[in-house]
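Input: structures, listed below.
One chain, subunit A, appears in both complexes that follow, with subunit B as partner in the first and subunit C in the second.
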Partner chain A sequence: MGDSYSNIWSYRLTWLYTLLVVFTLMLPVFYVIYISFNQNGFGARDYVFTLDWYGDIFSDLLLLNALGNTLILAAITTVVAVPMGLVAAKFYKTTRAKLFTVSLLLSPLFVPSDILGSALLVFFKNLNIACVSIGDWLGVGWFDDWFVLGYFSALIGLIIYTLPYIFVVILITMGRYHEQQSEAARSCGATAWQAFRQVEFPQIRAGVFSACAFTVILTFNEYTRTSLLKGGYDTVTSVLISQMLNEGMSEQSYAMSSLVSFIAIAVIGGTILYTLIRSEGLGREARAKALPVMSS
Partner chain B sequence: MTRVGNRVDLSKRGGDTLRSPVPLPRLRLQRLLSRLLFLIPIVFMVLFFALPLALTVVWSVFERTMFWMEPGFTLFAYENFFFSARLNNFLSSMLHSSISVLVSFVFGFPIAVFVRRRVPQVARHRVILLFILPFMVSEIIRIFALRPVLQRTGLINNVLLEMGVITEPITAILYTPLGVIIGEVLSFLPFIVFAGFLAMEAVPKFVFEICDDLGAPRHRVFIDIILPLAAPGIFAGGVFIFVNGLGVALLPNILGGPGAVNAGLIATQAITALDFPLAMAISAIMMGTLLGLLYLGHRLFDLTRILTPIN
Partner chain C sequence: MSTMKQSNEAAVQVTGLSKNYGSVQALRGVNLSIGAGEYFVLLGPSGGGKTTLLRLLGGFIRPSGGQILLHGRDVSEQPPNHRPTSMVFQSFALFPHMTVAQNVGYGLRLRKMPKREISERVDAMLEQIGLAALAERMPHALSGGQQQRVQLGRSLVLEADILLLDEPLAALDAKLRKEMCLELKHLQEQVGITFVHVTHNQEEAMTVADNLAIIADGELVETGDARTLYENPIRRFTADFIGENNMFHGRVVEVNGPLAEVDLDFAKLAVDTRGQAAKVGDRAAVSIRSELVWILSPGEEPADALQTMPATYGEAVYLGLATSHVSRLANGDTIVARQISRDEISNAFSAGTGITLAWPRREMRLHLS
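Let's turn to the complex of A and B:
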């Protein structure tokens, strides 16, 4: 474990430092949450606790509409991107072109959002023009609006954005799985699907579910790519940004930001807690099973 | 699928001794389909990620029209970029990004080393999860939330005034390059922890034990052992922060002053101004910078070493 236990205080200090860095990273968000409960808003001398600002959010039709759009996008992205990430991870395990695969799948992490967003925007506009002119030439129009900016283009941007994270999370959980188990299942007569569903999937389930949680949150929080590619409709982050830029930080934007942060922290915190409790439980179960054998 | 394939081949050679339960043509179709299924993510990424980014080079030399662009060859967009204030903005945002990389390394990398060396295996991933937490709050909220913290009447100034450290509020930390750097460090610091952690995972534990046994002083262990072994991870994390510092338009837009412009902001402003070739030229320049840096890093440190823990 540690290289030396001689100095417990340096160990504690380093822990303190690590937690302090995390706290600093989170400080602005905590401060926004703190302000959002203040009746008098930012900068006021006295602090009066209130939930009024949160009440205002839910009477805002624009925002509720945007929330609906965002949830639909998040749901479709998760349903499409997580299986894709799973397939990609399995492909990576078997393919010989490992370097190509991994660099293709991870490079979206390195491309800044505005750059990828602009490139995709122009790409879709060009595809759209191509589709319309081919349609005119052929005299059919049913594929004219395939690539018009809208849900579909935003969805593609979001899949590109989330796929690397899903890929890495699933690949890390797959690292603990031994391929021989699938082979054993196959030689016992299971089909490829059965071997995956009944032997492999239960062991990588935690990774797949955390990838789902990640995807929902990343999609929910994403602003730049979605705003460039979404076409006409609103998402939560675009409403938030336009409100912040137009009115400065109003009390309602504080409340909205805190609410969005609450949701994200609750989802990810819940997932982490669930996996921790579950792994503790599984460990206890395993120990309980192992005990009689050891004592006898 | 290969297993079934072997069995089929056997049955073909050995006559009726081993008969496949599924008719042969259907099996072939199944194999083909499953192979295609596994190629879907690759094809998707090539089509909607690699292709658009590669085509930015082509679109950047197109002629600009009133609302769109038309095929042609002109270097006007590049001229527009290199012979204007944009180049200066780009270079100064490069400088700010480099400072952010340095600051993130100084504050973030020791954590990766600490986690690898002194935190027990079971708890390691939990520490890393801690650093995912800020990352789960939307980027726009994290960046916007810095305004009430840093501004003239904000948290930091209030606290410092109360404590009597300063007599009048510091105004140099928001709407200045310093504000952008603070924003970049707070947004991207976790990445150097992740990349450093991944790189450190690839270093076998006994290396540290040998150092301890031989009585190497701490700074020598850090400079001669940890830095060279973790170099690919540090480099990857550094490139990530550098490129995002250049490319994320929100940071200078919200935290920077009037002069703070980076490549991402120039690109989005060009799109708003319907100057698509200019936006594409900037994308192409950014991609060139990124690929150049990654190539350099690969030649220097062999970046594939970071991936050892995944394999």
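Let's turn to the complex of A and C:
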């Protein structure tokens, strides 16, 4: 920033302010991490450092099960919803009915989570009743439990929830892509898939990966829809919240929360660092290659 | 002109080709034939349908009607990668995540050619387009002219039979565009394949073209070589679009052998029909190129072969090499006489002076459509 006339102090203050805001927002997380290392747990007078609670996570079957369920939900949601968002973003770029498409895709954002959750709940219950009655009437039972609340219904709720975010994140990176490049690839002999895979995807990869990371975080975070639709399964969030509503969080739950935060921070921080280092590297490479022009 | 141009085989044969975008008729029943090895230019005003026609040839859009034959093969239902064409775009078409060499070699890699052969061919192509020193650069570190040359290389290395170019020089400045025009022309003569080049720039078109087609309003107006279209256009639109022509509008009042007499209300002109079937009562236009019109000196007797017309002098517009003298005819229309700039003429008349304009009779052209 030294190349302009702007006040260096206003620049530093801006940074300071930003860091302060981020720090304030993250403070509760730091507090949870702080507690997770305390032998005496939440609200205790004396602080004794320990790693015991982290060890206890692995003997707490309730938490472990919940973590497993959440990971499965996150993985399947990502695998299903991200390609859907990608296809939707590609469709949006070519369609002429842009307003309709974007309204349709973003509409889940405008429905409050409890309303969408309960609507889906009622919907699945009715579907289930319909399935069972039709089954009875036909004398077969093999689709009786298709729409019983469980993984499947929770997944549908999560996909509806995450799809708009995925769509927007991917669309933003796609905005900088020039469609002629796909056409150029086609005219070099590429099939539509090769043009996508070899020319378009490398340029929107960052957006697709961000969308994946975003989906996992959203899935971990989501309580209302998931808890309405999950049936008998527990997820990390539902366990933590039910503990809080009852006897208060167990010490290993603090440890679990911290662990999840560590992983999230590591993933996001790692992504940012990788991107920065990479773009720095590319910039240096480009500068190195920009030797004096030999021919005009 | 180069020698092997007029072979009998048509590289492109288009019949009744049309394309609608919703209610917009971008192309209406176009018939066109382009000979193999020709440098063919599609020229016309913005929105005329040139890009649409080119993209139909390349297979990027589906025709609404009609047929496309490339080297005798019906390709109307074929995607771009199954056609004997390759395309060069106006801009932003290089793959930004690949080096110059990787861009040029992309199509060869798709063909699963051995690595050694790819690199040999890419090197040879880079040599040919003068970019051998820049093989490892990324596209964003190239100038506009260099980028367009990489695009050319990427297409030419595939040895496709037909190269399609959509305003390949439009993003370049005027001087570079001129240089690249000649380069393109010479490159085409070297490789000998058919080039179909879209532009709305007349000078660019005339520099490179063996043959041109004028496209306007979704229709093919006229085809011919540059000289024919410039000196001897049949259609009114062509005369209006190419060069700088003065145009008179009137009606045919008499047909007398090869001559038609056209009444302009304030004057009558006898013009060669050039084989057009003129009938008494037809609406007609007569055009004369502005560089063939001059102002008679006061008292000068016009020769017999000259057509003269009285006018009121307006102003002189200095354009460097030439000066345009703008005058008004009896009916209020403007008429332009374009002459090599010389002080004597430019200062000889003041606005409002009555003058007489003259031009050779045989240079007048009758337009019935």
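As a working rule, the second predicted complex is superposed on the first by the 271 of 296 C-alpha atoms of A that agree within 3 Å, B and C clash if a C-alpha of one lies under 4 Å from a C-alpha of the other, contacts with A are read in each partner's own complex, and residues count from 1 in each chain.
The rule we apply is simple: a residue touches a chain if its C-beta (ideal position, glycine included) is under 8 Å from a C-beta of that chain, and two chains touch if they have at least 3 such contacts.
Since this is a predicted model, take the numbers as computed values, not measurements.
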Touch check for A:Leu109: first (subunit B), second (subunit C), both, or neither?
first
Between subunit B (first) and subunit C (second), which, if any, makes contact with A:Lys125: first, second, both or neither?
first
Quick check on the superposed pair: does A:Ser187 touch subunit B, subunit C, both, or neither? Answer first, second, both or neither.
both
Contact-wise, after the overlay, does A:Met244 reach subunit B, subunit C, both or neither (first, second, both, neither)?
first
Where does A:His178 make contact in the superposed view: on subunit B (first), on subunit C (second), on both, or on neither?
second
Using the touch definition from the top, say if A:Val48 reaches subunit B (first), subunit C (second), both or neither.
neither
I'd like to know which partner A:Val199 touches here: subunit B for first, subunit C for second, both or neither.
second
Of the two partners subunit B and subunit C, which one touches more residues belonging to subunit A?
B
Quick one: is A:Val79 in contact with subunit B, with subunit C, with both, or with neither? Answer first, second, both or neither.
neither
Starting from the residues of subunit A touching subunit B, keep only those that also touch subunit C in the other complex, and list them.
183, 186-187, 192
Within the complex, which stretch of subunit C touches subunit A?
58-60, 79-81, 85-87, 89, 91-97, 106-107, 110-111, 130-131, 133-134, 136-138, 140-141, 143, 145-146, 151, 154-155, 158, 164, 176
Contact set on subunit B toward subunit A in their complex
1, 3-4, 34, 37-42, 44-46, 48-53, 55-56, 59, 68, 107-108, 110-111, 114-115, 117-118, 120-121, 126-127, 129-134, 136-142, 144-149, 153, 155, 186, 189-190, 208-209, 212, 239-240, 243-244, 246-250, 263-265, 267-268, 270-271, 276, 279-280, 282-283, 286-287, 290, 294, 304, 307, 309-311
For a test of understanding, state which residues of subunit A touch subunit B in their complex under the given definition.
1-4, 11, 14, 17-19, 21-22, 24-29, 31-32, 35, 42-43, 84-85, 87-88, 90-91, 94, 98-99, 101-102, 104-105, 107-123, 125-126, 156, 159-160, 163, 168, 171-172, 175, 183, 186-187, 192, 217, 220-224, 228, 237, 240-241, 244, 249, 253, 257, 260-261, 264-265, 267-269, 272, 276
Which subunit A residues qualify as touching subunit C in the complex?
178, 180-181, 183-192, 194, 198-199, 202-203, 285-286, 289-290, 293-296
